[in-house]
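Two complexes come next, and they have one chain in common, subunit A, joined by subunit B in the first and subunit C in the second.
Right after this comes the complex of A and B.
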């Protein structure tokens, strides 16, 4: 640390607010983690129960999509402030990937 | 780091450059390495033109000719044009936004060494059994059938160099998003910074498809894969798509920084604010976006069907709109300006008609039915040389003259600079203008010779004479550089007298920490505003003088890259030599070990103390 850096002392209210907020964050992360484990269990159970593959495939893909969103929002902090640029790049990348896959499907393999 | 300035010996200087993480020194290394590859690519171009100067020539054999054209294209795009642009991005962009360095100085160094080792690897093919010979696009149906190791050198060399480019792109993005000085909002960023930003975003999205394509090619050729082999259920067209999904944005990665360079030059030497700044930014972003939506126009004749061809044709022509906006904005920047025709301005003025010509032929090829006629003819060769030489190379030469004083505190000779321009410019048009007609007369591209009775003799000879003019121009440039370096006359900051952006406000030579105090940006053309208000220092400061946190130099990037370089040879000779797999493992082990060293060993950098900054030496 630079020796003339200012030391910022938090007030009690501020300290309690941050403590409270961290507690909520932690609760949110653990809840999300539990939900994700549960979703994974459903996926495994669906395969183990030997349902029709036309049921299993869409269900698993749907669960995967939910997991991606949970991952982004709770573990990669997309819901917090100042993540706009990162989110923009993520969404734009996903959009491009979608366009590429669409063209591959339509003009290489189907056409 | 000592706080006493010393004169260093050669060994110490070399070690300093091998380990440096300073963006200004990395810029110099990019400039030297890129310049070297530019000369190598240029020599290859001269060999091509010698071979084609007369009909039925046997100067080089057909096989060698294929190797030369492949290496010319690959070298010029990946190892000359992009690194030279990276040189200017590194040298200028952090200074323009008021940053002390890029966001990840260590990665900046890693990116450079990856590029250099990848480039060296690729060029070693000349001495190790033959260069790649399937064209710079390396279409899978050709490259899978190519004997020898040429294509393997291409695939692995580009993979290593590509990783370096990717790292550099991410680094620039993070730098521009996070490290702008107070007051430097997005809409106050100079155009060079904006185009660096958009080009880096293009790198971010365009290089992964190339990486995947090259991995598929490596697997197919060296590890028994069948991604592109139709007899085994693969599909050769997939390479073409992956290559052009990368390849089209790639040409915008090249041309957008060129636009940025010329935007700076027009504003500086017309001594006017850039006309239509916000529409310039909009056009840059729009070109970047549309660049991803048009790749299949390189593949009209593949047989994608009329619907696909029509969609991509319309998307292609749409790009002419934002590009046209830029052209008109530049014209209106010059309009009514108090113009100084310096060497950079001369290049900028020459750029407009040259690039418009290249753009117009581009729109012609965008029309799918006409493209069926033009495809694989010299018309295409003429077109892409008009945009890349008439756009990118003119920009690089202009930037070299414009920012040489910023990078080296010396001024290149204006007289010799103008000689270079005229030789290069006339030679360029002489070489490539006539190739449009050769194409319309039916001469196919990539042929190693032609018959005397085909009516192409004279035009090819004229084209070759033009190439000699360009070579003379480059030789004069080299002489100019040598004279300037030997004379070594310091010129101070703002030698052009009309600098508008922050980089010209910094005292010369630029201190290694760039800004003693972070500047406060009060509008577009920061330095210009300060000059207009009579501020002798050229900057308003946003903070008092305090300690500056700096990163330590590191040799790890070099070792990390060396590991990949060694592993490359292992992969190349896989299944052929006994030592291949051990070498592959050894190389990867070196890379992973150096990554581990980097991760485990804490390196917090060091501080330049306030007291050292305040004394005469400025912390050196």
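Right after this comes the complex of A and C.
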């Protein structure tokens, strides 16, 4: 097992600062959540309002993309440092995902 | 290093999930796994988009006749909220508040179970209409995509429940902090996939 951890006791000032900072972060998370709910509502409302499908499809796909980025960067903490390699794995996966969908759709559309 | 060592809020590290070598490895390995999961779901999404509404001639089922938005809306809200409650659980983990974390994970499990109940109801409804797994290329692609997501929800729930029960008397340690952290990442990823499912399958299905 690892041997690199040392117990570090925070001073009261440091402890209170970190605690306060976490509270602020949590407030930011709730704001993120509110935005995500709002984006979801817009997407459902746009479909319920029965606009043209050529307008709705790109808009709701964009809303989904924004919501996923929020989920990754805030809820999954990817905006914090130490996530470079993790993001490399995920973005490479997303790239392959894009290629899969492009390939399958071109097969269907172009015969 | 003693993995069972007890910490206090003042000695608890800022990133307890990444203090030990095992924690670091789990963190990185889990993101690699999530990259693989992205590819898995992409292949299912691509198949679904290719086979959407395709089936035997005269098939009476289509995305527009099958899907009902109110149910999907409720499922979406439940899963999105459960994502926030697991953020709360991780907030309490960083603050070394074990009871708070267990409570919020319990709420997450409850929300996940209600999501699952609605999904089972939905599938059962479709099968009763005659839209079963082998009915058409469309039905197979639909059930495989949404069902694979449903299985991920089941796995996530079992994972959370095992963690909550197994660690109930242990309290926090550097041994279980990475376990909780990866489980919550998994749960968020399930929500990420659902965002694409409700958009691509249900909303775009209702639009046509």
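In the analysis below, the second predicted complex is superposed on the first by the 95 of 111 C-alpha atoms of A that agree within 3 Å, B and C clash if a C-alpha of one lies under 4 Å from a C-alpha of the other, contacts with A are read in each partner's own complex, and residues count from 1 in each chain.
Definition applied: a contact is a pair of C-beta atoms (placed from the backbone, for glycine too) under 8 Å apart; a residue touches a chain by one contact, two chains touch by 3 or more.
Bear in mind the structure is a predicted one, so any value in this text is a computation, not a measurement.
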| item | value |
| --- | --- |
| Contacts of A:89 with subunit B and subunit C, given as first, second, both or neither | both |
| Partner chain in contact with A:45 - subunit B first, subunit C second, else both or neither | neither |
| Touch count on subunit A, higher of subunit B and subunit C | C |
| First, second, both or neither for A:106, with subunit B first and subunit C second | first |
| Touching partner for A:33 - first (subunit B), second (subunit C), both, neither | second |
| Intersection of the subunit A residues that touch subunit B with those that touch subunit C | 2-5, 85, 89, 92-93, 96, 100, 103-104, 107-108 |
| Of subunit A, residues touching subunit C in the complex | 1-5, 7-10, 15, 18-19, 22, 25-26, 29-30, 33, 36-37, 40, 43-44, 47-48, 53, 56-57, 60-61, 63-64, 67-68, 71-72, 75-76, 82-83, 85-87, 89-90, 92-94, 96-98, 100-101, 103-105, 107-108 |
| Interface residues, subunit B side, partner subunit A - complex | 173, 177, 201, 204-205, 209, 235, 237-238, 241, 245, 292-293, 296, 304-305, 308, 546-547, 549, 607, 609-610 |
| Contact footprint of subunit A on subunit C as seen in their complex | 1, 3, 5, 7, 9-11, 13-15, 18-22, 27-28, 31-32, 34-39, 41-43, 45-47, 49-50, 69, 73, 76-77, 80, 83-84, 87-88, 91, 94-95, 174, 185, 188-189, 191-192, 195-196, 198-200, 203-204, 206-208 |
| Residue ranges of subunit A in contact with subunit B within the complex | 2-5, 85, 89, 92-93, 96, 99-100, 103-104, 106-108, 111 |
